[in-house]
Structure formats: C-alpha cells, structure tokens
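Naming follows writing order (A, B, C and D), and every chain is counted from residue 1.
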Amino acid sequence: MSEHHITPLKTYLAVAGTLFFLTAVTVWVSYFDFGSFNIVIAMGVATLKASIVALFFMHLLWDDKKNLTMFVMSLMFLGIFITVTLLDTGFRGGVNSEVESPINNRAAFYDSLPLTDTHGHPVDEHSADHHGEDEDHH
Amino acid sequence: MSHDNSSPKFLQHHFHDVEQQYETAKLGMWAFILTEVLTFGGLFVAYVVYRSWYPEMFVGANLLLDVNKGLLNTIVLITSSLTMVLAVWAIQKKNQKLSLFMLIATFLFAFMFLGIKYLEYSHKFEVGQLPGEYYSYMGPEIAHLNNPHIFFSIYFIMTGLHGLHVAIGMGLIAWLIYATAKGNLNSEYYTPMEMIGIFWHLVDLIWIYLFPLFYLI
Amino acid sequence: MDRLTEYLFPKQVSTFAADIDNLFYFIFYSSIVLFAIVVLGMMYLAIKYRFKKGDEVRLTSSKDHSNILEALFFIVPLILVSITFVWGIKSYLQMIIVPDDAIEIKVTGQSWFWTFDYPDGGTTLNELVVPSNTPIKIVLSSKDVLHSFFIPVMRTKMDCLPNRYNVMWFDAQEEGVYDILCTEYCGTGHSQMGAKVIVMKPAQYEAYVAELGSDDENIPLDELGAKLYTKKACNTCHTLDGSALVGPSYLQTSQMWGQERVFDDGSSTVIDDNYIRSSILEPQTQIVAGYQGVMPTYQGLLNDRELDALIAFLKSLQEDSQI
Amino acid sequence: MAENQKQNYLTHPKGIMSWLLTLDHKRIGLMYLFGGIAFFFLGGVLALGMRLELAAPGNDFVSNDTYNNMYTLHGAIMIFLFIIPAIPGALGNILLPLMLGAKDVAFPRLNLASFYIYTVGALFVMYTIISGGVDTGWTFYTPYSTTSTSNVIPMTMGIFVIGFSSILTGLNFIATIHKMRIPGLTWYKLPLFVWALYGTSLVQITATPVIAITMVLLILERLLGIGIFDPALGGDPVLYQHFFWFYSHPAVYIMILPAFGIISEIIPVHSRKKVWGYKFIAFSTLSIAFIGFLVWGHHMFTSGQSVFSQIVFSFITYFVGIPTGVKIFSWMLTMYKGQVSFTPPMLYALSFLFLFTIGGLTGIFLGAVALDIHLHDTYFVVAHFHYVMQGGTIIAFLGGLHHWWPKSMGTMYNQTVANICCLGVFLGFNGTFFPQFLLGLRGMPRRYATYDQQYAELHNYSSFWSGILGLSIFISIMNLLWSLRKNNKLDPGTNPWGGMTLEWTHTTSPPHPHNFEEEPVLEHGPYDYDKVIVEPTFKK
C-alpha cells in the first residue's frame, strides 16, 4: 500500500485554513442584503467549500477518475431531480390561473393556535387582538 | 485454492492482489456515497420546492435559528474532518500513536457537534418550533407568515438525518479506535480507516450546505 | 373506421373527441406496420434459418450490422414519434385552453360522491347537467383524498386535488346521459363513485337550473327523503335491503328504531330522530361497531327540511317492510 | 483432482449453516431465486383471486376492501419482492462472477447482507398481510396513504428496507464489473447480460435512495403531519408523485434492462450466431438507463402538473422508445443466417419479442399527452404495463431460468413439457391482457372491484385466460423443480446449448464452489459463432 499517494501535511492544513476562511466569509456576507443574490453567493461559497473537501480531504484529486465520475454523477442526477421537479412546481397556472396556488395558503390548524411571545408562551387575549390588528396594517 | 504464503492475511480469497482489493473497496465506497447524496437529495428537492413556494416564510423562519450555534457546529465539523484526514495521514506515515490520537479527537468533536445540536433542539422544543402538526410557535416574527411548520419539518428532518449520520460515524470511528489500538489497522492495511474517512467527509460536506441553507439565507 | 370506432371507443361527444380518436388511429396503424415487420420478420428468419434434423453444427455468418438498416430503424420510428408528439401536444393544448365564453361549473369530489355547483347557485349531487353545444369549464377540487373526474365520451379527465383547483373543459355535441367515473383510487367506495352527465338542449338546461332546489318544497317529507337518498348519494354506502355495504343498511337501522345501537368505542345510544340527525351531520363522533368511520359530514349540504325528510324516509322503511 | 471435479457448489460444503451463512454468490443467488419464486407464487395467487372477482360485475367473491387489499399486495409483492430482486438478485448473482471469470462478487459479505435485508423487508410485508393488509395501491399516493386506516407504515417500512437490499446489490455489481474481470476481458468482450446488469445497477444505486427517503417522509407525514405531502397541512400531493415516480419510473428499467440482457444472451446462443449490433445493444442499455430518469412525469399527465412539464415529459418519453425499438430489430436480425433451434429458452425469447413489442408500441399511445388523458388510469395502462412487466420481464426471466437451469442446477428438465408450457404462457398471457386494452379504450378504470355491465364480456374473457396463464406458469416451474429428482444429474462437462461465455466454456455444471478450477484464459468473444465451433451437448 506504500505506493499510494500521501498528501503532505501542509496541504491538509492549508485546506482546513481555507475552509475556515470561507466559513467566515459566508457568515460575514450574510449580514448584507443582496436580494436574490443572497442565495447565489451562499451556494457559491458552499459549493467551493464542498469541492475543496471532495478534492483534497476525500482524495478525489489523486484518485482513480472513476470515483470522481461516480461523485459527479450523483450531483448530476440530483440536478436533474431538482430542475425537472421545478419545471412543474414553478410553472403551474401557466394556462389556467386557478391552478397556480393552493386554495388555502395556511393550514387549518393555525386557526386554533394562540399567538405566542418569543418564548413560545401564549400571550393574553387582549394583546393578541391588538397584535391581530397590527397585522392587518401590514 | 489457497494463496501462497507471501500474500498478506487481510487479502480476501477472491482478489488477485492487495491493490485490486483496495481499489474495489474504494469504488464501492464511492458508489455508496452516490446513494447518500441522492438520499439527502430528496430532502434538498423538498427544500427547494417549498422555498420557491414560500420565499418570505423561509426567510422569516430561518431568522429563528441560532446562527452562532450553527457557526460553532460548522467549525467543529470542519475541524473533525481535518483530524480525520490527519489520522489517515499519520497511519500512512507509520505513526500509529498520532493516528489514534487524531481518531479520538475526531470522536470527541463529533460528540461536541451532537451536544451543540442537542442544545439547539431542546430550545426549539421549548418554544414550540416543532415539525409538522406539533408546531405551536406563533411569536410576533412569524405569526403573519404562512405554514412555518413546513420549514421546521424540513429543518428537523434534514438536520436529524444528518445527526443520525454523525452518530453512525461516531460508532464507526469508535470501531476504528479499537482496531487501531489493537494494531489491526497499520500502515500496511488501513483501508477501513480511509473508507470511514470518506464517509466522515461526506457528513461534513452535507453540513457545508445545510448551514447556509438553514441559518444564513 | 366508424364501425371500428364504435367497437373500440365510447361515443364521441365532445368537440375534440374525434381528433383524439384520429390520433389513436394514426399510432394504431403505424404500430401495426412496425409490429408486422417485427413479428413476420422474426417468424421468417426463425423458420428459414432453423436448425434442421441432420444439419451439421457449423460456423455461421459474421454479419452483425448493416448501416442502411440501422439508419432506417432509427429514422422511421423517429419520424413517426415526432408526428405523434406534435399531434399529441397540439390536441392537448386544445383540451386545456378553455374558450372564453364557457359556463363554469365547480366539481367537488368527496369520498364517494360528486357535488356540482352551478354558476347561478344551484347544486346537484352525482348528476351533472350541462347544455349541449356550449363550452363547459369544469373547476375541480376535492374535499378529502385524490379523485379523478373522467367522462369517457368526452375523452377527458383530470385529477381532483384537495386544497388546489384543477381545470378541464368540454363542449358536448349530442344530448344524452353519459357515465362519469372516478379514476384515481380513493378507497372502499372507489368503484362505486360514478355519476352521470346529462347533456340537454340549452333551453332545457336554463329551465333545469332555474328550478334547482325549488321543487322540493311541495312534496311530502318521506317522498322527498326517498329522492334525496339517491340524489345526495346516500345509496353509495347504505342499502335499503338490509345488506351491509360501506355503512349500515337503512332498513336495518329502521328496524332497530327505538333500540340500542352499539358503537366501536363500546358506548351505545337509542336510535331516534336526534341520533339520525347527528349521525348525518357529525358522522365521525359515533361509529357503529363493525364499520369504519369513513362517512363525510353533510353539514351545509342538507337543510333542516331535507334532514327531516331523510329521517322520515328512513322511518318509513320499517313500515314498508312489514307489509 | 478427480475428487475435486465432483465437487460443486450445491453439494460442497454441506449443512444448513453452510447455506445460511454462505458467502458464495451462487448460493446467495439460489436463495434469492427461491425467495423470489415464492413471492411470485403469492402475487400470482392474489392476481388470480382478483381475476376471479372481476369475472363478473358485482361483488361476487370479495368485498371492495378485500379487493383493494389484494390489488395493493399483488402490485407491491410482484414489484418489490419478485421482479426487482429476481433477475439481478438471482440470475445476476449466480452468473455475473462466472461471466467475468471471477471467483466471487466484489463484496461477498455485503451480498449476503443484502439477501438478509431483503428477508427482513419481506418479513415486514408478511406482517402487513397478517395484520390486515394495506389498501392504498402500491403507489401510496397521498393524502389517501396518510389518512388510510390500514397498515401503511409496516408496508412502507418494508419497501424502505428492501430498497437497501437493492442498493447494496447494485453497488456490489458495479464494483464487480469494474474490478473483477479477468485480464483480457475488455468492456466490448463482455457478455451483453453483464452490460445489462451494469445499467441496472447504475439505476439501482441512483434511484433507490430516493424511494427510501420518500417512504421516510411518508411515514413521518403519518406520524408527525410534517406537511410536505398532505394538502390539509399545506403540503402538495403532486410533489409526492414527483418523488415517487423519480424512483418508480427508473425502477421500470431496473425491471426490464436485465430482461433485455437475458434476451441478448439467449438469442445468439440458440441461433448460434454472432449477435447483431453488439455495441448498439450495449450502449442503448446505458442510454435507456439514463433517459429513464427524465421521463417520470408521464405517469402524471392528469395530475395537474404544469403544462410546461407535460410537454417536456412527453417529448423526452419518445427518446426512450427509439433505442428500445432498435434493440428489438437487432434481436430479430441476430437470427439472420444462423442455426435457430426451437428450444424452450428460444421459444421464451421469441415470445418476448412478440409481447414486448406490443408492450413497447402501446407505450407510444400513452406517451401522446392528448390520448393519454383518455387512457390514463384505465385498463389500457394495466394491459400496457403487464405486457412490459410480465410479457417482457417475467417471460425473459422464465427464458433465462430455462437457459441457465442446467448450468446452475446440473439437471435438464423435460423440454417438451417446457415447450408446451411456454405456448400456454404465451396464449394465456395474450388472452388475459389483450382484452384489457379494449376495456381501457372503452373507459374501464383500473382499481375497480366491481364494474358496469357493458365491460362484463371482456372481463370474463380475461379472467378465463388468466387461469390458463397461471396454470402454465405453475407447471413450467414444477417441471423445472421435477428435474431435481434423484439420479437425474447431467455430466458435469455439459454445455447443452453450445454457449460461448465463460460460465459455459470454463467451468462445470453445476459450477465448482470457487467457480473455476483455475483462472480462465479468454480464448474468444462471447458470441464468436463465426470463428469457433462449440458443440451443443443436447441435440434435438
């Protein structure tokens, strides 16, 4: 087994350093609002991190390329699953608008849920009413 | 039908040589990783679809999660990935003691991850941010949004399944610690350690996605 | 072809039925040609090159490809499926794009009957009445599980989803009474969840809709009850002859009038007007032992007079059976 | 050495534990085979029960609820316990290492584990049956499956567990095919059955995890009301259908691709002819496996998915049809200038060509959206998928069983009886299912326990022939088992059909416990009937 590639320690430490750095970046960026780019940035950084883990920690960079193919294939099929499902869920109501969204947007059991404070304790009737009015103005 | 005396005892009878056995194990492991990715994949699809249907609710609900704990867990898990890879590195370098130390560290980090997860979960349980019909949290941040229970269902299922993988990983690492301490794994034969390492990095890799999806955006 | 159509298909009643049947024939005849090539070719080759008695086992031909044939196998089916695809989509678009002047009828599936709400307020159960030569837009939904609304003569069907609408439409060209079937499995009564579509002349339809609900005022209670028994689809689950279907027979209940009825939780109550009323409006609260609690509530589907009518009808069964 | 020659995997080593704990792929394959056949029998009895009920309108024999239980269990048992594990688990396990010249599959322990996981899944299913059955249909559509009072959870648990068995078999085969071939056995020299198993395994490992997670979500929906699939809680039943069919459509290819592989073996061997278009058959297997992942929505043409998806799914659906069509022509042309023997396996293969062509062509009707709307969830669909699953897969399975029976068991069945049974299966099958196309065109919906008088005649006809079908299959299997009687052993060197792949040329029948006395050396390709004469030891 000795002929297997042994990665130098420095590489591993550098990889871990990069991962910590990218984690910091993605958290820092999340404090700013870029609108719909929030998702793109977060996913971009995550994908970068994931690729680094796969290539260095999981040795795909040095391995038999069959293993890489296997991994890429899993992502490809996941991609197919997501995209093709979105072709339906994202485009309902294209011809008949009734079909687009559910009849009730809120599940029935919410009607019996009391409003709570941030600790999950029900707030009293009076302020609940008050809160309800508040919501109407939104 | 027996092998000649030169072949090592860990070589199974149906393989030609150690190289073939190692490569086969690795390919099998990657096929397994593929199935893992697609198992989580189903949940990612659920996430994407519901996020596209309830964008405001998702943004509102993920503000209820504790970013600090999530960040801490990310750091813990990346560190454990590093110690895992160093355990393999050490055994390749014939340093069994260091390898053992790194495995124990990995185990402890995994334990820490679950501990932090437990704190997070218990807080959610207290305030009623539960999955599905058990959901009861109607705090002012969320009361006006539709169906936040779906967000928490997906959150609990994804992090729960991930947590289950961490727990399984801990079991496997515990076995590695035992096998390394006994000397069954050494610089000649450490395939199980490398395979479990790959599994462990996958657990890390999935968390790399879960963290921003639930805590940040 | 007409005779074949008569044999193969139900009547063509909707405007697009003929087009869909023609698409069927296009695929049908192309398939027959392809099928004949495969089967005749197979039989010819198998018989011609069969291993005869006394033959020597020998080396056989090394021919294993032919570019022309392979190209042909690729191109001919490709052309056929391309036509099929385009035709299928063209007809499909015609089936889902509802004409602007369509009459909109709401169809609600519920285990195991259909409710039809007309634009001017009337409601019917298990009987859809539509005018001929008029586009009808059907807006579907379900109260409980998935159902699917299928009218074979119109060649159209669509699933009914709970908490979401689906849309289909048709334009009936011929008056008559036709079947409606449920084609999405929905439990015990799935195979009995049929209804009728009655296609009338537009003038008749107008009169029918105007009359809906008004004619029940003047008839005696038990007669009205007998009418409601079929009209409100009670007959899907409750018989009049004493045999148990999904629910207990009306006759049995009637014969037990004034006696105790035992429920699945062990409790019991006397069968009287109040019991019958609550078992129609809140069927899930008391479930007769030996049955499943699958009956939907009729709250909002029956008014007080109609409830009284059903009770009167049920009571009358016992007297009838004694004669 | 002479002593050694008499050893075969059936008799050596001895003892019940040597079977239960065996790591030998051939024994595991046999256990799969007998498990699969037992469930085939159970599913078949359920099917005959259903046909009995449907012989006339009205509830004559069973109630609606019993019927619903029967059809659900028939579907689930046939698909999850018989068809999916039967060919890869049984024939694949027995033959794959032999065809590669390997001593075993890559992971023998995993192989045994996957058999026991299958057994555990089967126990869940048996528990479901004993404790009162399940009535949701094998598709478990929500919200019916989340509200039904029947035993949905044990059944879905069973499917979840069996899924892992399927995954492990798949990944084992992939590693085996990549790494365990003898030197010189390059990809283009592999028997086509191996290619088919490779395609199947890829689908197994990519699609099956999704059914596992779907079943978990369904169970959680029942237990916690997570609101992902249940519309009463804000979920979407159509999304459930996407999840379900993302697995279950590719699962159709898990069922049919190995059948393609078997046919690609039987026809060249029994025609003693080089297979027509080797590379095409090999690559079309992979392309069908891949395209199969993109077409699941054609099961949902009336579900209310977006019009955009309807069009896309209909379009891609046709791309599965074309490679399949060329395959059929290739099998047909393989016989050209060959020496065709009408042996039982060959008769099954020819029946396959006839029946599968009908199954495939009726798929074209269902792929056209406008026409599918009329035909969806009617008996036309029932007939179509039985022509594919039974007329395709099960006929190929029976053909393969007859083809490799002398190899794996070392005995020869009565060929005349086998031929008559094959004819009975063929006629009985057509008699049962062809009328169902007509029923479907006339609008008879599926999953009905009773029906309108207008459908009575065709149903009656279908029920009558189903008896002949059932009887023929039963006798053909009994005929195989009867050959196992004492003193009916073939000479170990037998090669009854003159096969050219390694399992025929380089090992005994039944094979040696370690497959080969010594590692085989490849002398010719799998179908080189134009270069080498291999005498069949059985002549007719």
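In the analysis below, contacts are C-beta pairs under 8 Å (C-beta built on N, C-alpha and C of every residue); 3 or more make two chains touch, one makes a residue touch a chain.
Please read these numbers as outputs of a predicted model, since none were measured by experiment.
**Q** Indicate the lowest number of steps between subunit B and subunit C, counting one step per move to a touching chain.
**A** Minimum number of steps from subunit B to subunit C: 2.
**Q** When you average C-alpha coordinates per chain, which one falls nearest the overall C-alpha average? Tell me, please.
**A** The chain sitting closest to the overall C-alpha centre is D.
**Q** Ranking chain pairs by contacts, what comes out on top?
**A** Chain pair with the maximum contact count: C-D.
**Q** Suppose each chain is reduced to the average of its Cα coordinates; what separation in Å results between subunit A and subunit D?
**A** It comes to 38 Å between the two C-alpha centres.
**Q** Taking the mean of the C-alpha atoms as each chain's centre, how many Å separate subunit A from subunit B?
**A** Here subunit A and subunit B have centroids separated by 16 Å.
**Q** So what's the Cα centroid distance for subunit C and subunit D, whole Å?
**A** Inter-chain centre distance comes to 33 Å.
**Q** Cα centroid separation between subunit B and subunit D, in whole Å?
**A** Result: the chain centres lie 35 Å from each other.
**Q** Can you list the subunit D residues in contact with two or more other chains?
**A** 178, 206, 210, 227, 231-234, 236, 238-239, 242, 304, 307
**Q** Mark out which residues of subunit C touch at least two other chains, giving numbers and ranges.
**A** 96, 163-164, 166
**Q** Touching at least two other chains at once: which residues of subunit A meet that condition?
**A** Subunit A, residues with two or more chain partners: 66, 73-74, 77, 81, 85, 89-90, 95, 99, 102, 105-107, 109.
**Q** Which chain pairs here would you call touching?
**A** A-B, A-C, A-D, B-D, C-D
**Q** Of all residues in subunit D, which touch subunit C in the complex?
**A** So the residues of subunit D in touch with subunit C come to 64-65, 68, 135-137, 141, 143-144, 147-149, 231-232, 236-238, 271-278, 280, 302-304, 307, 310-311, 314-315, 318, 321-322, 325-326, 328-329, 332-342, 350, 353-354, 357-358, 361-362, 364-365, 367-374, 376-378, 438, 441-443, 445-452, 498, 529-533, 535-536.
**Q** For the complex, which residues does subunit B have touching subunit A?
**A** Touch list, subunit B to subunit A: 18, 22-23, 26-27, 30-31, 33-35, 37-38, 41-42, 44-45, 48-49, 52-53, 67, 71, 74-75, 78-79, 81-82, 84-86, 89, 92-93, 126-129, 133, 136-141, 143-144, 146-147, 149, 187-190, 197-198, 201-202, 204-205, 208-209, 211-213, 216-217.
**Q** Hey, which residues of subunit A end up touching subunit C in the complex?
**A** 95-96, 98-99, 101-104
**Q** Help me check something: in the complex, which residues belonging to subunit D touch subunit A?
**A** On the subunit D side, the touching residues are 178, 206, 210, 227, 231-234, 236, 238-239, 242, 246, 293-294, 296-297, 304-309, 312.
**Q** Okay, in this complex, where on subunit D does subunit B touch?
**A** 102-104, 106-108, 110, 167, 170-172, 174-175, 178-180, 205-210, 212-214, 216-217, 220-221, 224-228, 233-236, 239, 242-243, 514
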